[in-house]
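The following blocks contain the structures, represented as structure tokens.
Two complexes come next, and they have one chain in common, subunit A, joined by subunit B in the first and subunit C in the second.
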Partner chain A sequence: MRRGPTWPIHLALLAVSAVMLMPLYWVFRTSVTGDNIFAYPPALLPRHAHLYYFVDVWYYVPFARFLVNSAVVSLIAVASNVVLNAMAGYALTLEFRAKRAVVLLLLSCMMIPFQATIIPAYLITKELRLLNTHLGLALPLCSTIVCIFVFKAAFDAVPRSLIDAARLDGLGDLGILARIMLPLSTAAVATNVVLAFIWSWNNFLWPLIVVRNQEMQTLPLALSTFLSYLENTTGALYAFCIMALIPGLVVFVLAQKQFVEGLTAGATKG
Partner chain B sequence: MIAARRWRRQGMVWLLLAPSLAIFFLYRIVPLGWNAVLSVQKWSPLRPAEFAGLYHYEEMFFHDDVFWTSLKNTLVYMASAPIGIALALALALLVNAGIRGRTVYRAIIFASYPLMTVAVGIIWRWLYDEKLGLINYALIRLGVIDKGIAFLDSFIWAMPAVIAAAIWQIVGFFMIVLLAGLQGIPPNLHEAAAIDGAGPLQRFLSITVPLLRPSLFLCLVLGIINSFTSFDLIYVMTRGGPNYATELLITYIYRAAFVLSQLDYAAALTVVLFLLLLGVTWAANRASGGEAGAVEAAE
Partner chain C sequence: MRRVLLNRYTLVLGGLAVAVIAWNLFVATHSDGRIEGHVVGPDGRPVAGALVTLREKTLTTLEPRATVETDGGGRFAFTGQRVHHFVLEASKEGRGTSGRIDYRLAFRGQNFSIAEPLRLHL
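Moving on, here comes the complex of A and B:
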């Protein structure tokens, strides 16, 4: 189909790639040198690279504490997303009264962005006495409608005969879900894990509202606090950025396929 | 016997659904109603609620300039969505052109989307810096400007600067959605049109664009939602400043509720935001002939 040289396409895409990567590279470079533009002439490659700023961040703020907070919240969110979404997704493959109503309810809930619920969500969390707790931070993220439908689609693809055979052998619904559906839907599980992790790891608005003291801060919140009182600690600030970005980047690189599949499935299937 | 088993199955279904439904009930449906109730009350955590009718709405529409500014800014932010989508379409076409290394390009362009937005905001804040920023440095070296511009402190530049950073982060996501759409177009359509003598531009306009309509409208709807929910980037880059030049409805809601402690007023703002969002997405959906489907991936 293609005719003509491909180099103009490569050239354009290389230019775009440079624009996409440059900010990240620049942050990385500064985090290992502390040089700003003023290191004249500004060097593209880091000279005298060192990790002092990373060490600085580790000791200057309770970084380990923030990391643990972020990890615990993400762990709760990921685990409950997989379990709860799989349960709900499986329920939607069964026949029951009011199924249409439930599906409709879920689709309408999708139309309510979390940002439009923050005030009552804060008051509810306060009533539940979950302000400033890991559970309170994770609770609104513990089940995701898109992911329920990802599971439903995966479970619908499991052959009917397999399920009937299992039922004849005396397996109940929970057994079918745990021993047949989930092992056959590893892609859907991976999608759930990746999406729930990225969403909870990067979440900022909710921790900003719910967290009351430094001990409970998650990484994004700690990073924005760090920015507001240490405006000019160039090297350390960008080292902090890199440290907060790395887990998300690693997950993205390892599970890019599942991430893309989850997003496009959620985006294109009605 | 059979009836009992049916009941047990029904019970099982609801048991499986219950935890998820409870979360959505608690954090989606109840808040929707509570917002509406709170918006017609005078209330603060230290004071008993008192019915206030449309007091807050009157205040908002007739006496609050910041509301109008943030509404205008939200619409400007929203109007920038097509720019990002057009860029994403160009990128999707290039990546889809059957060249080598396409997966690498795709990954690089998409990689900014899952990044922590707070960190992205900090990075861009610094790129825009008047004295230390890479952007000013590059512009000066290229001879475009003589001395640095304080982009984020400038009444004119702050909004475009924030929008550019937002596009940088989301363009890869739009590209992925459009790529999925492009791959759904049967290649033989293009071949047939080429045999009939249609040039590349004509094929693009009469095959690619019409068949890509659902994906394009989906991007548009997601872009609209994004403009109503973009909080992190603004909070980190400008805090809504200078002088409210980048204040969006969502950042104003946060400030009213959790900085100024006017939860009742913020609830009224939220009701307006939600109705506006519903109205705009409904209009976009209608314009697309319902092709964008239900609004998915709204997280």
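Moving on, here comes the complex of A and C:
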């Protein structure tokens, strides 16, 4: 079968990519020039670029403290996500009486937005005396239903015979999970890590409610505080955005292969 | 072992850690806060006895930090200045003023020598 030229497709893809990446490029460009977005005529390429706005952000606000807060909260969220979601996903691969009801319950819970549960979440966190703490910030993100099903899909692909053989060797459920399921589901683990990290890193609403002082602020919350300063902080503001974006980008770029594998596992048979 | 060392996670995160440590070492060894330069008159000759004021530029204000006088060769030096964004202004009665000139450093307390002299004008 003769194929036509591919350059029109590539050209169209390049055009679409340029349009989609333009906002990100504009943020980066403004962070190194400080040009106002309403400047006329607009310059596509940065003129007189420098990195001093990044230095300003580092010193004008306690950026290192905010970075540590975000990192600690994300670490707690990622670790608990992997552990708890793997356990829940494994449980859903077993047969038990109310399995269908549990699956329906989990799916229905996915339809409830977080904003609708914020008040009870706050009250529980308050009763646990975890307000204004790293654990309190990470608590609502310690498990996500989407990732439970990602694990379930990955564990369903593991041959039953392997699990039966492990049981015959005397391995319990936790041992099967740790020694057989997880090592064979690295793509699902990577997906879980990436999603949990990005969701916890970018979380704004929950820290806004739980945090009581500046020392416990995470990066998104600190960025909104930074916005309340003088209007002429365009360069520093965009530099703050870039600095807050970099860790998430690094994690995603490193784990993107396994991330895509984890999301598409089970999409095709054989 | 070789596989672990050549793993992309090790390379990227290890590289970042090395870069951060190297940068912090550089900052620690070059952060005496020494800012020096010299003042010249409209004719380009060094001006002795000119007053040079250093003001730190914060997000909202311009805070005066120190004032020094130039020596016989028109040179001045500030020490122990923990600033990264500052403004210098030189002046001498009868000779004029340089106006406020903005400077930025890569880190707080960086040792810095001003390339262009502060030129007084009436």
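A few notes on this one:
Just so it is clear, the second predicted complex is superposed on the first by the 227 of 270 C-alpha atoms of A that agree within 3 Å, B and C clash if a C-alpha of one lies under 4 Å from a C-alpha of the other, contacts with A are read in each partner's own complex, and residues count from 1 in each chain.
The criterion applied here is as follows: a contact is a pair of C-beta atoms (placed from the backbone, for glycine too) under 8 Å apart; a residue touches a chain by one contact, two chains touch by 3 or more.
Since the structure is predicted, the reported quantities are computational estimates derived from the model, not experimental observations.
Of the two partner chains placed by superposition, only subunit C is touched by A:Y59; subunit B is not. Looking at the shared chain after the overlay, A:P23 reaches subunit B, while subunit C stays out of its contact range.
Of the two partner chains placed by superposition, only subunit C is touched by A:L254; subunit B is not. Between subunit B and subunit C, the partner in contact with more residues of subunit A is B.
Once the two complexes are laid over each other on the shared chain, residue contacts for A:F204 go to subunit B alone; subunit C is not touched. Across the superposed pair, subunit B and subunit C touch subunit A at no common residue. For subunit A in complex with subunit B, the residues that touch the partner chain are 1-2, 6, 9-10, 12-13, 16-17, 19-24, 26-27, 36-38, 42, 80, 84-85, 87-88, 90-91, 94, 96-97, 102, 105-107, 109-124, 139-140, 142-146, 148, 173, 177, 198-199, 201-202, 204-205, 208-209, 219-221, 223-224, 227, 234, 237-238, 241, 244-245, 248-249, 251-252, 256, 259-260, 263-264, 266-270.
Here subunit C touches subunit A in the complex through residues 8-9, 12, 16, 58-60, 84-85, 104-108, going by the rule given at the top.
Residues of subunit A that touch subunit C in their complex: 50-52, 55-56, 59-60, 229-230, 233, 236, 250, 254.
On the side of subunit B, the complex with subunit A involves touching residues 9-10, 12-14, 16-17, 19-21, 23-24, 26-32, 34-35, 38, 91, 94-95, 97-101, 105, 107-112, 114-120, 122-124, 126-127, 131-134, 137, 168, 172-173, 176-177, 180-181, 187, 190-191, 194, 214-215, 218, 222, 225, 228-229, 231-232, 235-236, 250, 253-254, 257-258, 263, 266-267, 270, 273-274, 277-278, 281, 293-299.
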